[in-house]
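First up is the structure itself, then whatever we jot down about it.
Letters are used for the chains, namely A, B, C and D, taken in the order the chains are written, and counting of residues starts over at 1 for each.
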Amino acid sequence: MNRSMRPLLATVAIFLVAYAAAVFQFPGLLSTRVLGNFLTDNAFLGITAVGMTFVIISGGIDLSVGAVIGFTGVLVAVLISSFGLHPLVAFAIALAVAALFGAAMGLAIHYLEVPAFIVTLAGMFLARGGASVITQDSVPINHEFYSTISSLYFRLPGGGRLSFVGLLMIAVFVFGAVVAHRTRFGSYVYALGGNTTSASLMGVPVARTTVQIYMLSSMLACLAGIVFSLYTSAGYPLAAVGVELDAIGAVVIGGTLLTGGYGFVFGTFVGVMLLGLVQTYIIFDGTLSSWWTKIVIGILLFLFIVLQRLVFAASARGDRSSETA
Amino acid sequence: MAETAFRMEARGVSKIFGTHRALDKVDFGLLAGEVHALLGENGAGKSTLIKILTGAYQPDGGEVLVDGEPVHLDSPLHAQSFGIGTVYQEVNLLPNRSVAENLFLGHQPTRFGLVDRKRMNRDARVLLKRYGLEIDPSSELGSHSVAVQQIVAIARAVQLSGKVLILDEPTASLDRDEVQRLFEVVASLKRDGLAIVFITHFLDQVFALADRVTILRNGKLVDTRRLSELTRTDLVRKMLGKDIAFSGSTSLEAQRPVTDVLLEFKGYGRKRSVRPFTLTIHKGEVIGVAGLLGSGRTEMARVMFGIDPSDEGSVALNGKPISIRAATDAIAHGFGFCPEDRKADGIFGDLSVRENIVIALQGKLGWFRALNRDEQLDLAGQFGESMDIRAASLDMPVKLLSGGNQQKVILARWLATDPAFLILDEPTRGIDVGAHAEIVRTINRLRDDGMALVVISSEIDEVVAYSSRVVVMRDREMVAELRGEDISPAVIVQAIATHGEPTPEETAA
Amino acid sequence: ADMTVGFSQIGSESGWRAAETSVTKQQAESRGINLKFADAQQKQENQIKAIRGFIAQGVDAILVAPVVATGWEDVLSEAKEAKIPVVLLDRGIDGPQDLYLTSVASDQVKEGKVAGDWLVGTVKDKDCRVVELQGTVGSTPAINRKKGFEEAIAGHSNISIVRSQTGDFTRSKGKEVMEGFLKAENGGKNICAVYAHNDDMAVGAIQAIKDAGLKPGTDILVVSIDGVPDLFSAMAAGEANATVELTPNMAGPAFDALAAYKKDGTVPPKFIITESKLYTPADDPKGEAERRKSLGY
Amino acid sequence: MTRISFGRIFNTQTIALVSVLLLNWILFPGFFKIEWQDGRLFGSLIDVLNRGAPVAILAIGMTAVIATKGVDLSVGAVMAMSGAVAATLVVAGYSGPVAVGGALAVGLACGLWNGVLVAMLDIQPIIATLVLMVAGRGIAQLITEGSIVTFSDPTLIFIGTGSFLGMPMPVVIAFALMVLVTLVVRKTAIGLFIEAVGVNRSAATLAGIRSRLLLLTVYSVSGICAAIAGIIVAGDIRGADANNAGLWLELDAILAAVIGGTSLLGGRFSIPMSVIGALIIQAMNTGILVSGYPPEFNLVVKAGIITVILMIQSPLAGQVLGFFGRKKSGASR
């Protein structure tokens, strides 16, 4: 078995066990309604996390995604409500802006040799600030296109809904998995995460790939912003604050190493579902105060990480121990 | 140079790092169907020239021509498009990806725009077979030893090279069989008309393979000649600019009197790493460790040094049992260890040469007895000089030194701790003839000073040259301990090669 | 049967919010209501998740303190489909009114206006340069309280807002921003009053004024909104001049409305507006501070 | 270090700091005015130092962590916790020094916890410290039950707002801490070991450095620094605001370290430079405050200035400048 598969399998196993345990306590969790909600409610997070997976596999990080979601929502809302553009046109404009934004960050990371953490932090300030310069209010979007989309869903037996945005997220995951694991671009991404010098000597176009990675991340964050605006029919400059940390958390819980080079897009999917499960569990429980909610989320995060390490360590024991320390 | 039909040519290239002229107006031409050896001391500028020829560096002067046309190679990818395949000095592959992907990265076979993994793995298997390597192409490259990675790097370069193949010290971590296979491959590529550059510090290999040689010294071109016009001594003189006395492969002068026992490993071993071994080491003794790649020599060293602590057996120092659970324990007992993978486990790339040299001693002194800057400079200067480390300044980052000089820095680091027992894992890998002789001399000197050493090496001649005893590893097990008369290349090779049937020593024991 | 009510709270970003949560819990307990509490950590998406979760559990009613006005239609229609009444607490939403049973909230614009009116009444014809400590940029209360205050002083050219910066609704930012204002306005000599969008920032500002060697409440008037105990204490010490109370008991009226609705289908008024009462040093600030101690501010 | 050459004083960080200060002066002419009032110095420049102190203190610990190739996201939450503990202790009747001791102990405990996760369990620092970043604020709120615990303990208030020789206490504390930590890392071998572990942990272990113990120490120092910063901000507002104390300050601290020239990839570090980085950030914030621009522009301005600073610092800029420099010297030859 491939060594790098192990954290992924560990995550899947943990998810299944955790879900089973939660269902045992609250049988209501095993309904199509809850499952449908898992997809719909986490769609924007999932889409963001796909982009984040690429960034992290390449050894980088993108702190700007939450702000890009907020910015996109505001931009789209203003374009539709104030300028009367068709949503699809507004989407295209937003995606183009996001692509430029991501490209600028990628260029800065590569040519200025500033760590991604800092470049994307500045990007976060810029996007968040840009959104509040456009408007400070939350801008409602009243367009029939929006109502059409939100009425697009499959009804599942048992009252659940398989919504358009949920399906879109799945499509993005499939797309992400194919790109990561089945294209040359994908192999370049892993190459950068493995060792940038080696990658460059092996003929990987490092500059181009770096720029493409951050473009991809920003564009997926933008798509997530569009989904968020569909989800709420509005744009709000403070939307999705802190989503970057959720996305990073999902990616890492999904078995991708923050140091780069290893990871699976599908793992991220499981990571997103795990986070969703934790939140749903806390809601079903309904007795946790604000502070206990934070503490419990922290504890669960800790347990997942430790569990993953244990599973990883147990299965890696036989290997040539290359990591000394 | 009268020939004009160069496949690839560098005309008057220069490269300046800061104030250091790594290359100074060097001309270098490659003919189709030749093996061209590029020789020079550590730091002579060989790797730098290669990097310019392959677009990894941009020259500060001069030009590069392919088939007579001046080209501007702006990246290794660009060079690849001209059919130039390269193995760089340090294995530059991706340990996190599969073997097959490392072979084909950037050129993966695709179907409908998607990478066709099945075919890629199939092709990889076929390709590697040529080098006698039967490993799972979908396995992670990092899970294989340096040697395997080296072979993969070679296979990748060969497969990318339509016109020119450049090999920068490809044989440094290969054993005889593998070197032989590589030579066969090179010979056949030569017949196919490729121009091949070959960098090595092994003169035997130069004479076995090369048609012409180019010699660099201190970044300047010394000479380009047909090999047949040169003798071994000529070569060395041109490289060093002076004569050196060859110590030759004379075995130990005489049986020296057995001195005090320093260390005794009894049934020492570690599960899944190395089978229990028993070894007594005396003061003033060099124990050579021979074995095939992957035979567990490195593992043995790691267990001795406590990096992978033993889970069986005992060890005694000067007759008193000690326990070695971590590297710090070993160091506290006066051990030292130069690891085999200098990039990953040895050097601190961003730290200065000075800091790299003092760090082990400082580690021994602890957190609060800091050596001040002057003491550090003294120490670094002293050991830098005795090891003949070529660095523009002791304060430059060690990563800017040539590979051989980095190796000397690590050796100096341990000598500075004044160890009683030193383990050297492949200490001469990638080191030029001058330095090689230097290190062998150092080993001998240390032994005469009463230090005990364990030296792992794939160079059997070298092992013979300095060992008081030789232990042979096979399949992670110590299978033989040779001494006296038995320390000869023939016996060692036989002990390594013997499969199944016990060696004479074992039956005797 | 016992009623189970889900409560989606924004988070715990301020003392007032903590008080609202604890008052809601107290009110639920005293009525024998089983309260399911979900903290959204300031995120709308978490609130939507919580509401969906409540629907999936089949609660009898849902209370929401919406973090932002927009974006509730889809999820509230789901609640409606599931025949679960929804009551909005503390803030309203943009959207069709049939999506919720009622909204229990203060009028934030009015809060700002009450504060502004007080200032207008206090300074009369004197020139007054006001500095404003805004809430979090883009948050609804910040926008509305600014709007209300500006409306109140609109007709009075002697009163003008000379500086306005965000203090993020926090004490320490309120203090830091006030320090900056004091420096920028001639050591505070040019400032006649400070208007803070919440009491926490006002408390910070009071400290900054004191540090600058001026007397808050006398040299610089202090007016703010919320009515938290610490501000009443400051008022008792003569360091604050006015606060507009925002009651943390939004849940009481909400539970009453729900109980009546469940019992015989009485439809409550669409908007239950809580009182925006002005407190000045004349209103026994010491006693007010004491009275609020147990509410979890 | 004793050897400070002029080349080290005139570096990009100090130039950036001076530029931002000058920019502030252009926007607000009274910026450099300093007065003596009530036995202490008073002025915008002092505000920059005073308000910058908590982030500077965080940056001191953060720099050491980053130099080991780590990062500590939990410092903001640790600030909230230590403030909460100090406040509840004095409210419960304990003396000020006891409260300070309790808060520092909390910081140490948090640092040890992070250190154990990173050094013993080999969890990646970002994730390891994310745990405490999330849970820590919850714990702080649990301690204060979500409210702001106000106090009037003179010790704590003195730490937050007192002054010593005319300088605000936070500035004095930050300066003392900077000198102390700098001396400790440079006069012992600890600095070298931190850099060695950051550059190549595996080689450091092989060279006999107790890298686990070192990491544990470094994260503990970061925790203690965060606790000190937490006491300061609590003392400053005379209350522990568990909800907001230190919120997002971890990002400022990281930014300060990076502006100060410490690479997120570990290795070389300079604590005084990180402190200057923190002052640059605060000078920026104060400048925005006194300039009177509407707050919507705060973040955009901040992003712009960061970008400019990073561009000046980048190797590319160095090459461009070096290129012109070389050309000039070449011509003069």
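Observations on the model:
What we mean here is this: a residue touches a chain if its C-beta (ideal position, glycine included) is under 8 Å from a C-beta of that chain, and two chains touch if they have at least 3 such contacts.
What you are looking at is a predicted structure, and each value in this text was computed from that prediction instead of being measured.
Summarising the inter-chain layout, the chain whose CA centre lies farthest from the centre of chain D is B.
Measuring from the averaged C-alpha position of chain B to that of chain D gives a distance of 44 Å.
Taking the mean of the C-alpha atoms as each chain's centre, chain A and chain C sit 33 Å apart. Chain B and chain C, compared by their mean Cα positions, are separated by 71 Å.
Across the assembly, chain D contributes residues 141, 145-146, 202, 205-206, 296, 298 that each touch 2 or more other chains. Residues of chain A in contact with at least two other chains: 132, 136, 289-291, 293-294, 324. Touching two or more other chains at once are residues 12, 18, 21, 137 of chain C.
The touch graph of the protein chains shown belongs to none of the named shapes.
The chain pairs satisfying the stated touch condition come to A-B, A-C, A-D, B-D, C-D.
Of all the residues in chain B, the ones that touch chain A in their complex are 54, 56, 75-77, 79-80, 86, 88, 92-97, 101-102, 105-106, 108, 110, 113-115, 117, 138-140, 142-143, 145, 156, 272, 307-308, 344-345. Chain A meets chain C in the complex at residues 26, 28, 31, 33-34, 37, 40-41, 44-45, 132, 136-140, 150, 228, 231-234, 236-242, 276, 279-280, 282-284, 286-291, 293-294.
Chain A makes touch with chain B in their complex at residues 2-4, 178, 182-184, 186-188, 190-191, 193-195, 197-205, 261-262, 317-322, 324. For chain A in complex with chain D, the residues that touch the partner chain are 61, 108, 111-115, 117-119, 121-123, 125-126, 128-130, 132-133, 136, 245, 248-249, 252, 257-259, 289-299, 301-302, 305-306, 309, 323-325.
The touching residues of chain D, when paired with chain A in their complex, are 121-124, 126-128, 130-132, 134-142, 145-146, 201-202, 205-206, 211, 251, 254-255, 258, 263-265, 296-304, 306-307, 310-311, 313-317.
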